[in-house]
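Got some structures for you, see below.
The two complexes that follow have chain A in common; it is paired with chain B in the first and with chain C in the second.
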Partner chain A sequence: MSQSIPAVSQSSRKLHFSVYGKNNSKVSDGMSTQYPVVDHEFDAVVVGAGGAGLRAAFGLSEAGFNTACVTKLFPTRSHTVAAQGGINAALGNMEGDDWRWHFYDTVKGSDWLGDQDAIHYMTEQAPHAVVELENFGMPFSRTEDGKIYQRAFGGQSLKFGKGGQAHRCCCVADRTGHSLLHTLYGRSLRYDTSYFVEYFALDLLMEDGECKGVIALCMEDGSIHRFRSKNTVIATGGYGRTYFSCTSAHTSTGDGNAMVTRAGLPCQDLEFVQFHPTGIYGAGCLITEGCRGEGGILINSEGERFMERYAPNAKDLASRDVVSRSITIEIREGRGCGPEKDHAYLQLHHLPPQQLATRLPGISETAMIFAGVDVTKEPIPVLPTVHYNMGGIPTNYRGQVITHTTEEGDKVVPGLFACGEAACASVHGANRLGANSLLDLVVFGRACAHTIADICTPGEKLSPLKPNAGEESVANLDKLRFADGNMRTSEIRVNMQKTMQNHAAVFRTGKVLKEGCDKMDAVYQTLDDIKTFDRGIVWNTDLVETLELQNLMLNAVQTINSAEQRQESRGAHSREDFKDRMDELDYAKPLAGQVRKPIEEHWRKHTLSTVDPKTGKVTLKYRPVIDNSLDAEDCAAIPPAIRSY
Partner chain B sequence: MKRISLSNTGKVTIFSKLTLTVKVVFPGHLCCCCPVFHTMARHSKLQKQVLSLFRQFLRAGQDKPGFLPRIRDEFRENSSIKKTDVMHIEYLYRRGQRQLDQLKDVNTKQLGTFSKPKAER
Partner chain C sequence: MQKLITQVSTQLACCCYIRTEAESRSASFKYLRCESGTCIILGHWLLSSQQEQSHQDSAVTRKKDTMLSVLVAKRLVSGVCPKSLRPAVAELVTTRGYKGEAPDDSRGDIIEIPLPPWTEKDGETMDIKRRRLLFQSRKRGMLENCILLSLFAKQYLNTMNEPQLRQYDRLINEPSNDWDIYYWATEAQPVPDVYAGEIMDLLKEFTKNKDQEQRLDAPNLEYLDKGSQ
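Then we have the complex of A and B:
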C-alpha cells in the first residue's frame, strides 16, 4: 500500500481568493475549479437548529440581534424530535418539591464531576423554563386538576436523597422532544431570524484566537457561504454515530466538536458516553426511561427483577449508568434472555392498558414496529445502547466557550458560545440523569442569548477578516470531492464504528482500550486513502457523508484515547481494572486525618483533549471541577460522597 | 408600388427591378443571453420569466461587489440548454429565485471565489 502514489496530491493546494470578476487574469477561465463564496454579515450566527439552537436563535432575535441560523437539517428534523422522556423541573405538582433537591440529585448523578455553578444555574432556572415552554404552547400531559403531569424518573429523589422517589419529570405522553421542538419552531417563526436550511457548516473562522464566524457549504447549489459575525453559537448535538449501535439519528456526527477541534481548541470529557439501558435489541431504537417511571420493570431469563439486587432503594429507577452496568453483568453471568442470552426484558404488561395507552403510546408503537412485540402481552427485548455524550465543547455556566491553562486557569474564547448536547457546561459530569438533557437545551440556549445580549449590542461593526479566511476548509472540500483512493466512505465508517463498539463499550479494560486506540489510529490513517464517487457539487451527499466521517473520526479518537488514560471508574466510564472512583480524598472512609491528594494524583478532574488533524494524535490535559455553587447561602454546594442508589 | 417585403436576411425588394440589400432593424429582438437574432418567434412565457429574473438579478446585484460578473456567467452558461428541456429550466428558475431572495437580503455583502488551476491536481 505504501508503494502506490498517495490518493491525493501532496503538492501545495493553495486556493486563490478574489472578488468575482476582478484579478482573474492569472487564472484562465474554464481551466480552473472555482468555488463561488458568498459573504454574509450578521450580529450572531447559530449553528444547529435543534432544541438548543432554536432557543438561542429566537432568544437572540428577541433581544434585537440580527441572527442567522445555519443548519444541515430542517429544524423539525433535528434529533431533539426523537427525545421521549421529559423535562425535569421542581414545580411541585405531584408532591412538595424544592429545586435544591434537584440540584443534589444532579450533582450526585454526575458522580461529582459536574460543575456545581452550572448545575445550580440549570436547576434554579428549571421551573421558569418549563413555565415558559408551557406559555409557548407546549401541550404537556395534565393531572386531574389541570396542572402539568410529572412522572418519576431515574435518579430523582426528595429531601437530598432521603425522602424517596421524586416525581419531577414534566412530560408530553412519551413524545416530549417532538412537542418541544415543534413548539420552539412555531415560536421561532414569530421572530425574524434568517434560516439557512440545508447548509453544512464546515469550519469556524478563527483569527487571533477569536471566533469571527462560520464557513458553510450550501448543499442545494454547492456554493460556499461565509457568515461573518461577532458571536457564534454552536448547538450541533452529539456524536452517537461513532458507535455501531446507537439510538441517535444518522445525522448525529459531532460536527460542532470537530469544528472546535480543528480550530485548535480543546473538547472536554469525551470519554463519558452514556449507554441508555433500554434500547431495543437489534434495532437500537430507544425505549424511554419513562416506562420504568410508570412502573415497568427489568427482568432476566429467570424472571427475576434483578435491579433489586444492584440498587435496593431506587431499583429500576436508579441512575442510567448503574442500570446499564447491571444489565451487562446479568448478561455476562449467563442470565441473559433470548436464544443467544444476550439481552434483558423490559416488562410492561403488568400495568393497566389504559395507562399504557395514555402515557406511553409512542413506545407501544415502537415496540410493535421494531421488535414485533405487543407491550400489553409480552416483554420488550432491550440492551444498553449508546445514547448521549456527556462531553463536548467546554463552556462556563453562561455558555461561553473556554480554554484552560494551568497558569491562568479558565479563559473565555471571545466570540464563541456553545449550548445543548454539543456543549459541556458541565451539568452532566460523568453521567446524565434522564430528562435533564431537554432542560439543559432550553436553559443554556436561553443563557447563551442572554450572555450575548449582556456583552454586545446589536448592529456593532465587525472586526476585519482576512480576505481568504476559510481557505483550508474549501481546500479540504475540494480534496474530498475528487478523492480517488481505494476505500469507500462506508467501509471506513463501519471500521470505526465496530472498533468503538468492541473496545469502548459499557465495561472497559486497559488492554482492550489500548488495542482500540491503536486500531482507531490505523483507521484514522485510512482516511487518506478514501475514495468518493460523486464529482458534482449540487446535492453531493457522498461529499457530505465524507465530511461527516471526518468529523466523527476526530470525536472517536478523542473518546477512546481519553477513556484509555482515565484510570478509575466514574459515572458512565467504568473500568474493570480500576473499579473504584479516585478522588482527592477517600470518601468511603472517615475524612478526618486524610491528606488531600494533588490534582495530578487523583481523577476528579475534567479531561481536555486536542487532536492534530493531520496525524490524528491526541493530546490530553486536565482541568479542575468547579465545586462551588453560584450562591453558597441560597444553595450550599454538595461535597463528594459515595454514590449508591 | 410593390409592397416592401421583409425577410430574415435583410433583402428588401422595393421595385421589381431593384433589389437592395439593406440592414433593417426588425421588430424582432436580440436575446440578451445569446448572440442570436430572433425575429418572428416571440418569447415563450418561460423565456419571459427567465429574462425577468435576469433583469431582477442585475438590479439586485448592482451595489454588491462580485455578483454581476457571476450572474452574467451563470446565465450565459445555462443559455445553451435546449428550449424543450422545460424541467431543467424550471428547476434552475426556482433555484434562481431562491438565490435572488438571498441576494436581495441586506445581510449578503459580496461574492468572491476560491479558484484553483486544474493543472496542479
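Then we have the complex of A and C:
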C-alpha cells in the first residue's frame, strides 16, 4: 500500500517523500533524492538502549506490550557499559540501614533542588529494584554469607548524616554497567522486544501537543522509518560532548534533549553539569581519585603543590568540587602548564614504581596511551572534566514528561515519557551522588513501564497520523547530506566545545558567561554555513556526526544561557560573583521572623529552557521545586538547610 | 546434612535460587550455580519446603530456617559435578586489579543469559563493510575505546584486505563488554584464542604508542574527504 506525496520544494533540491508499507525498505546507495519511508506500529517505542532504555523496554515487553527499541548503538555498547561503580540501595546487608537515610543523603546531595517526591520514590524502590535485578540473573558480588556485598561511596551516611559512613553500593566487581546491560538485554529478548539497532532517531512525531511516535534513519540502508506508537520513552543519555573535555563517549550527544526541544517542549536545569577534577587533558579519560589517595599530587607550572594553599588539611584529597575549583583558579591566574598554559599536572613519579604497578594498574597504561606520558618519569596533564548532566527532560516521578505554566502548574505531555540521564525527574537536583545514577536508570526505566501499563492496554488502536508527518526531519537530513557551505562539521564542533569549556566550566562569572552566550550564538549561526563531504546514504558517519552536532548545539545554547541567568551558587553551578545559595529563606540564620521571598526573588527553582531552532534564541522560565515527599507520614520531607559535610 | 541433590536440570541457560526468609525486609537470594553450566537445586532441606515455578527456567525452594553458607554449598556442588562437564568458556577470572573492594566476579550473567550469537553480515561489499566498520569504530561504549579504535581505524581501516576486515569486524562487534577489548589491546588481560590474530597484534602494537604521540581525541572525519586532498 503506497501513497506518494507531491514533491515538496522546501529547498532548491526537489525532495520526494513517499510512504510505503512495511516490507519495502531497500534503497540503493546512489545519489538518489528519493526517501522511501517505512511505517511501523507498536504499543510502545523506546529510544535508546542503555540501562534506562533496556529496563523500560523489558518492563513493557514483560507486561505484554508490543515494544520497539530504537537505538543508534548495539545495546551492550551503550555508554552505561562505562559505569564501573555500582547501584545504591538500602538493603542493610553490611550494617543496619533505612531507605529514609538514603533519601536524606540524596536530598542533601542535590542541594535542595531535587524533587522530594521523585527522590522518595527512587530511594524507597531501590531495594526492590536491586532484588529484582538479582532475580533477572545479575551476578552481584557477594559477602561470605551469600548476601549482596555493599561498599561505601561518597555522600552516603547513616542516621540522617549523624551515623557515619553507610555501605550501600551494590556492584558486580568492576563491571556493573556491563552486567546490567547484558542481563536486561538478554531477558528482554525472551519477551520478543523488537530491536532496531543502528537506527538514528531524528525527531518526535508530535501532533496537537501529543507524541505519536518517532522518525528514524536506518544506517544500514539509508531508509527512513516512522515508529508510530501511543507511548514513546526517551532514554538517550547525556550530552557531555558539548564540552572540549569530557569523560563521556563520543555517543553522548543529547539526542533526546534536542528532539524534545525541536518539538517545542522545555528542558530542565541544563546549567547543572558535574565536573570530575582529574580527567586527562584533551582526551578526557577519567584518572581515578585513587591516584591522589595513593600519594599523587597536583602541581602547577611553577612546580608548586598548590592544593596546600586551597585546602591546608585535606590538600589533594579535598572534595571534588573544591579540587576542581582550585585547578581552575590556578589556570586562570596564569600558572597553568603546557604550551597554552591551560591544564595542571598530576605527578606520580615520586611514588615507587612497584606501588604504581600494583595499586594503580590501569593508570600507567592510560597515561601512555592517551597522553604519551611515562608516569614513572613525567607528570600527567589533567583538567576538571565534564562527567554527568543532572539536567534533562522534565518528568514527574512516574516518568511522564511535563510542561509547566504558572496558571496551571505541571501538565503531562500525553504519550511521552523519559528516563535515565536524559530525564530530569529531578532526583539529582544540583549535584549527583556517586552510584545514584545506575539506580536512577533502573528505577525510572521501570517507572515508565509501570505507568504505561497503568494507563494503556496492549493492542490499543492508534490515532491517525498526518500522512506527511516527519517531513521536516527528512528535509533537514537531506539538507545536511548535501550541505556545501564553508565551515566543516569538525570546525563548528570544536568552536562550540571550546566556547563551552572556556565560558561555562567549573567556575562561572557573569561577564565570562555573557561573552560565552554571545560567542555561542555566533557559533550557532555558523550551522547555516556547514559543509559535509559524504554524499552517500548508507553508513554515512559524516551525516550522523553532523546530526549529532545539531543536537549538541541545542543543548549547549540552553546550558550556557541558563547558567548566565542563574545568579547564585548551588551544587555543581558555582558562580564567583554570587557565591551563596539564594533560597526563599536564609537558612544560615534562625528562621523565626524571616519573610518568605516570592519565587521571582529567589533561586530555589528549576530552570525550564526552550529554543527557537531557526534563530538559536533561548527563552527561560522557572518552575518550583517539589518539596513534599509521596507520603508525609511514611517519610518526612527534609526542609532545606545549609549543606556542609 | 540431608540429602543434597533432588533435581538436576540440564538446561544451559538457567538460574537457581534458594530464597531465605531470614530477613524480614527483603528476601536475600543465593545462587547455586555449578561451574558445568547445569543447575543443581538444593532442595528439601527442611520440613516445609515448597517448590515454585517462578521463571520458565528456574525453580525456587523456600526454606524456613537458617541459610546455608555459600562456601559450603559451593564445595558440595563442585564435589558432585564432574570436571568433564565444565564447558570451555573463555578465561573467566580477571587478572586486572579492581578499582574498589568487591570480591571476585563469577561472570554469571555471561554464562546464563546467552545473547544471540554474533553472525557475519552477508552480501556486503568491501566498501560498505569499511563504511560500517568506521561508524562502529568511532561509536563505542566508553571514551577510551572511542579514541583508540577511531585512531586505529584512521590508520589501518582503508588498507585492510578482506580477511583482515572480517577479523576486525568480529573483534569489535562480537565481545559483549567493551572493556574487554580495551584490556586485550592494553595487554592487561590475555586475548581469547578466537580473537587472536593479525589484527589483534596490530591493535596491541598500535596501543603501545611507541611514538609517544599525544592522543587527545578521536580524529575528525575529514581525513576521508577525497575532495580536499
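Heads up, the rule we're going with is that the second predicted complex is superposed on the first by the 509 of 645 C-alpha atoms of A that agree within 3 Å, B and C clash if a C-alpha of one lies under 4 Å from a C-alpha of the other, contacts with A are read in each partner's own complex, and residues count from 1 in each chain.
The working rule: a contact is a pair of C-beta atoms (placed from the backbone, for glycine too) under 8 Å apart; a residue touches a chain by one contact, two chains touch by 3 or more.
Note that the structure is predicted; figures quoted are calculated from it, not measured.
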item: Contacts of A:432 with chain B and chain C, given as first, second, both or neither; value: neither
item: Chain B versus chain C as contact partner of A:120, first or second or both or neither; value: neither
item: First, second, both or neither for A:42, with chain B first and chain C second; value: first
item: Chain B versus chain C as contact partner of A:606, first or second or both or neither; value: neither
item: Touching partner for A:581 - first (chain B), second (chain C), both, neither; value: neither
item: Touched partner set for A:573, first chain B, second chain C, both or neither; value: neither
item: More chain A residues in contact - chain B or chain C; value: C
item: Shared contact residues on chain A - chain B and chain C; value: 220
item: Footprint of chain B on chain A - complex, ascending; value: 9, 11-22, 24, 27-28, 31-42, 66, 68, 194, 220-221, 224, 467-468, 471, 474-475, 478, 482
item: Residue numbers on chain B that touch chain A, as the complex places them; value: 65-70, 95, 98-99, 102, 105, 107-121
item: Touching residues (chain side chain C, partner chain A) in the complex; value: 15, 17, 25-31, 54, 56, 67, 69-71, 94, 96-110, 112-116, 128, 131-132, 134-135, 138-148, 150, 173, 176-179, 186, 188, 207-209, 211-218, 220-222, 224-225, 227-228
item: Complex interface listing, chain A residues touching chain C; value: 29, 72-74, 76-82, 84-85, 91-93, 127-128, 131, 134-135, 137-139, 141-149, 151, 171-175, 178-179, 182-183, 185-187, 189-190, 198, 219-220, 246-251, 281-285, 288, 290, 358-362, 365-366, 368-373, 488-490, 533-534, 536, 538-542, 544-545
